[in-house]
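Pasting the structures in now, so scroll down.
Look at the two complexes coming up: subunit A is in both, with subunit B in one and subunit C in the other.
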Partner chain A sequence: MKSINEKDIHSFVDAVSGFFAQFAEEKVEIRAAYLVEGAIKPSTFELTSYITLSGDYSGRVYFSAPRALIAHLLLMMQEPNRNDDRLLDAVGEIANTISGNARKHFGETMEISVPSTEVTETGWLDTVVSPRSYVILVKWKQYRASVVVDIQRA
Partner chain B sequence: MNESQSIFSKYRKIILAVIIFVVCDLMVIGINFYGTFKAQEAAVSINLSGRQRMLSQRMTKVLLLIRRSVDTNDEPSVLRNLKELDLTVNLFNTTLRGFRDGAMVTGGDGNPVFLVQVETPKSHQLVADAYKIWDPYFNLLQPLLGNNRHFSAEQLESVVTYAQNNNLEVLRLMNDLTTDLEFVANGRADFLRMVLLAGFIIALINFSYTVFISIRQLMATDRELAQARGETIEILSTVHEGLFLLDKEKRLGSQFSESLPRLLHREIEPGMNFLPILKDMISAETYESAVDYIELLLGDRVKEALVTSLNPLTNVSVSLSDSIGNTQNRYLSFFFNRVLIDDKISHVLVTVQDVTDKIELMQQAEQAKNQAKTEVDTLLRLAGNDFGSLQQFVFNVGQSLGQINEKLSEPIDDPRSRQHTLNYIMRLVHGIKGEAAVLGIDAIEGYAHSCEQEMVAMREGNTELSGEHMVRIAVLLEGFYSRYSSLNNIVSNLSAAMGGQEKIAAAAQADRPAEVALPFVEHITHLAQRIASDRGKQVEVNCQVAKFAILPANITKELESISIQLVRNALTHGIESPEERATLNKPQTGALCLFCEYLGNNLYDFTVRDDGRGIVPDRLRDQLVKSGRMTVQEAATMDNLEVTRMIFQPGFSTASDSADINAGHGVGLDAVLEKVKGMNGRLSVKSRPDLFTEFHIQFSVPQ
Partner chain C sequence: MKLMIVDDSAIIRSRIARILANPRLDFIRTIGMARNGMEAITLFMQQTPDLVTMDITMPEMNGVECTEKMIAFHPDCNILVISALSDKATALKALKKGARGFLYKPFTDEELVAAFLELTSS
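For the complex of A and B:
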């Protein structure tokens, strides 16, 4: 069975990186990449967005970041309004970019939901279901964020 | 038939316009022809009508001349004038009759001509009035006609008198008739002009309409063509397969899919000959078959369906070179279909697909199937002989993978820290590889080896270690977990079948039974013999490790792991080939000893000794320089002890073949040292060139 590969993972991380490069003139850097296994859980921050995929692969791809990161991003985008709704919109935009890249990478046969956003608690993401999902910890400026690839071949 | 209907339907308006044009032209020509004919008739009538005027005057004149000649007895003149009278009367009479009834008359040029009956009521009336005068006139003339000289003077006088009395009236009537005929002729000429003008206008309108329809049709056709071309281009730019047409000279058509150059890894130009392209990619034998096959398809001697199965270019391995000369092996499938026009073969449509993924998946599936079989055989063997070791191995692998994952989850921002992480992971992977080798679990050993190779490439690559490298390691780890899960499931099922989970736990836990040392001896001996056999060497293993049985399990585990590495090193680097040993006056079979001794005061010594070529400092210096770790000068300034210590540095290896699963990747002694440190032990090495190498590990075990 063909499982998710490195290119698939990079398609999601590159989308995030591309978003920051476009709107904040600075790419994100990968700090760590690991698997959700045993006691090792995926990190989450205060704002989380995700898309749901179905088709050849199914599952979710999450992007989670602290409020400060998204506020800083909005500041750089010269967005005066930085209330919670706008922050969630911005984090949803990042998921939307991930969705666009996923569509390009996996092809039109992949069904991808519209992005969902949530205010979460910093800690562990407990909705991951796939065995050994990938967690990519990234850094933008001094902030940390995470991309969780919780998909498996259908 | 359908094609004709289709063409008529498509060009219906143009065809109708042309038909109308032709019909109008024919009508105008017909009317013109008729008008011309009528004009000719009118000209004759007008001409003869005019002649009637002249004849009426000539008759009067001739009668008067006859009377004068009679009076003067000029007989010749009488006769001559009688003759002229006869001609004139006859001509006048037949012409007048022609005007009334239509008849053949003598024309102006003396030739017979048909004089048509007058048409208008006025002309009819004039002719009728003329007859009212002419009929008595003609009767009075009868005695003088036929050149008859025997008329009486009274007869002559009466006709002369009648002529004189009616001459002007006849002249007027003939004059009026001429005028009326001219009027009719003019009217007809006007009509004809109108018809011609109308015909010209209709023709002009029709022409304009035809041009309009034609241009509109052409524009519609152009639009359809542009749309069709657009759709073709869209298809050719979207489709993943390579699509192109081959003509009978095996040249590519003018259009081909955008993916074709990518699939064939080369620039493609319309009109290129396909055969040289093909020749560059495939073996000579396949090429010959392919040429024959294409020839068959382009010929019309065989049916396409009959030869499809002969296509030698399905799932064919191709060698593709890119613009910078890198060669890549892929699998392509070429499908050929005849293109028929009017039942004649015009081209062959070629479809190219990259089936590399499919073929590799099939190969992987086959490989996995074979591997699984080997694996199951191994596991069954182990289950029969040493199930405890197998369970311990699974337990250890799980733990090592967990440690790797934990390490990977630590955020790192600098390449140096990533280097440390990589070294740490490589040591754990190396340990797994060693343990798998001892038990003969090839799938885990092979995968660990390929991971090791990849990580060595990362460590020794030109680029600094980045986050992307960490993603790659995570993917490698997932592959490890995948294999581990399968193995774990099998072992769990086997253990359940063999008597329950308690037995596994008992075997895998720290306080293992004393007899575990015996399987270790068996495994380590087996490993040594296998490596020796792989490398064309001979070895005799003397393993005195009974003390392992009384040591704590964690210590034993580490010693076993160290043993695996040192045995592997001894066979790879130490013990020579039988031929080499013979030249050194050594026994052809090398000696490999493992001893574990109690030294007293809770202190133990574990020794691994081989009688191979020993550690040669100069050889180590060469290797350090070759690997780029130091310059010749730096290596030369180091003393032998310092150089020997370098063998414990991460990344140091004297092996030349990195593809050799038993060769070092610069991980082994680094890992050994780490383990000894973990035991709070002390590692020392003694060696003499061409005689022996001896590793001593001293450690204490608290009571």
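For the complex of A and C:
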């Protein structure tokens, strides 16, 4: 298994920026993209989704955000229904969009699953397995969110 | 024109339906929605829509396979694939199976309106 490189990570940063760019009035800020090493664990927020990769890659791509961020996004999308089911659906769709957009760089041999979603505690992500996974910290309006890229090349 | 929306995300399905309220698209009427390829095929056989928006990454049956089955049954149907999969190979695969257009997620309201107008004018 080979670790991914900086160029690979940049494709996810681009995908995150691209997702939020549809809400033109407020740009997303990428606060940091750092390597998770040793005892440091990536942080999670209230809602988390992940995409499982297969094909020439293995691992997961996570997106985690507070309820308030997702509710705000749905408001901007004029979605009238903002119950937990819709919030989780939105978190899953964001993870799907970020991973799908990254295939522009990785190609079709990076196969992606449908999203899995869950209500999580604000805390730490324990399921990261790659010795070199990356966290991309995002700020949009007053909210923070994170994307964890825990993937390896076969 | 009769439209069917196929996407496993409820927020995307309702967003597409809302965008159709645009007066420039008043000739399009949503006749059904499906959450996966299997559901979509069943509904398609019952309703024979003229226009379909099709996601690719879905449970049960993916959008490329679903497109192929729909076109085999109703070759004149206009299928617009709406997917986050941004590699060229996926778009080409869907077009090869009979889709008439491809729109990448995330999309703006204007982009979807333009895609519908382009698809239905040809």
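Note that the second predicted complex is superposed on the first by the 148 of 154 C-alpha atoms of A that agree within 3 Å, B and C clash if a C-alpha of one lies under 4 Å from a C-alpha of the other, contacts with A are read in each partner's own complex, and residues count from 1 in each chain.
Convention: a residue touches a chain if its C-beta (ideal position, glycine included) is under 8 Å from a C-beta of that chain, and two chains touch if they have at least 3 such contacts.
Note that the structure is predicted; figures quoted are calculated from it, not measured.
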Clash or fit (per the criteria above) of subunit B with subunit C on subunit A: fit
After the two structures are overlaid on chain A, angle v-u-w for subunit B, subunit A, subunit C in degrees (C-alpha centres, nearest 10): 60
First (subunit B), second (subunit C), both or neither touched by A:D150: neither
Touched partner set for A:D14, first subunit B, second subunit C, both or neither: neither
Touched partner set for A:L35, first subunit B, second subunit C, both or neither: first
Contacts of A:I136 with subunit B and subunit C, given as first, second, both or neither: first
First (subunit B), second (subunit C), both or neither touched by A:R103: second
First, second, both or neither for A:E46, with subunit B first and subunit C second: neither
Minimum C-alpha separation between subunit B and subunit C after superposing on chain A, in Å: 8
Subunit C-contacting residues of subunit A that also contact subunit B: none
Parts of subunit B lying in touch with subunit A, wherever the complex brings them together: 361, 401-402, 405-406, 408-413, 466-468, 470-475, 477-478, 481-482, 485
Subunit B-facing residues of subunit A, complex: 2-3, 5-6, 9-10, 13, 29-35, 37-38, 40, 131-132, 134-139, 144
Complex interface listing, subunit A residues touching subunit C: 18-19, 21-22, 74, 77-79, 81, 85-86, 89-90, 92-93, 96-104, 106-108, 112-114
Touching residues (chain side subunit C, partner subunit A) in the complex: 8-12, 14-15, 18, 57-59, 83-87, 89-90, 104-108
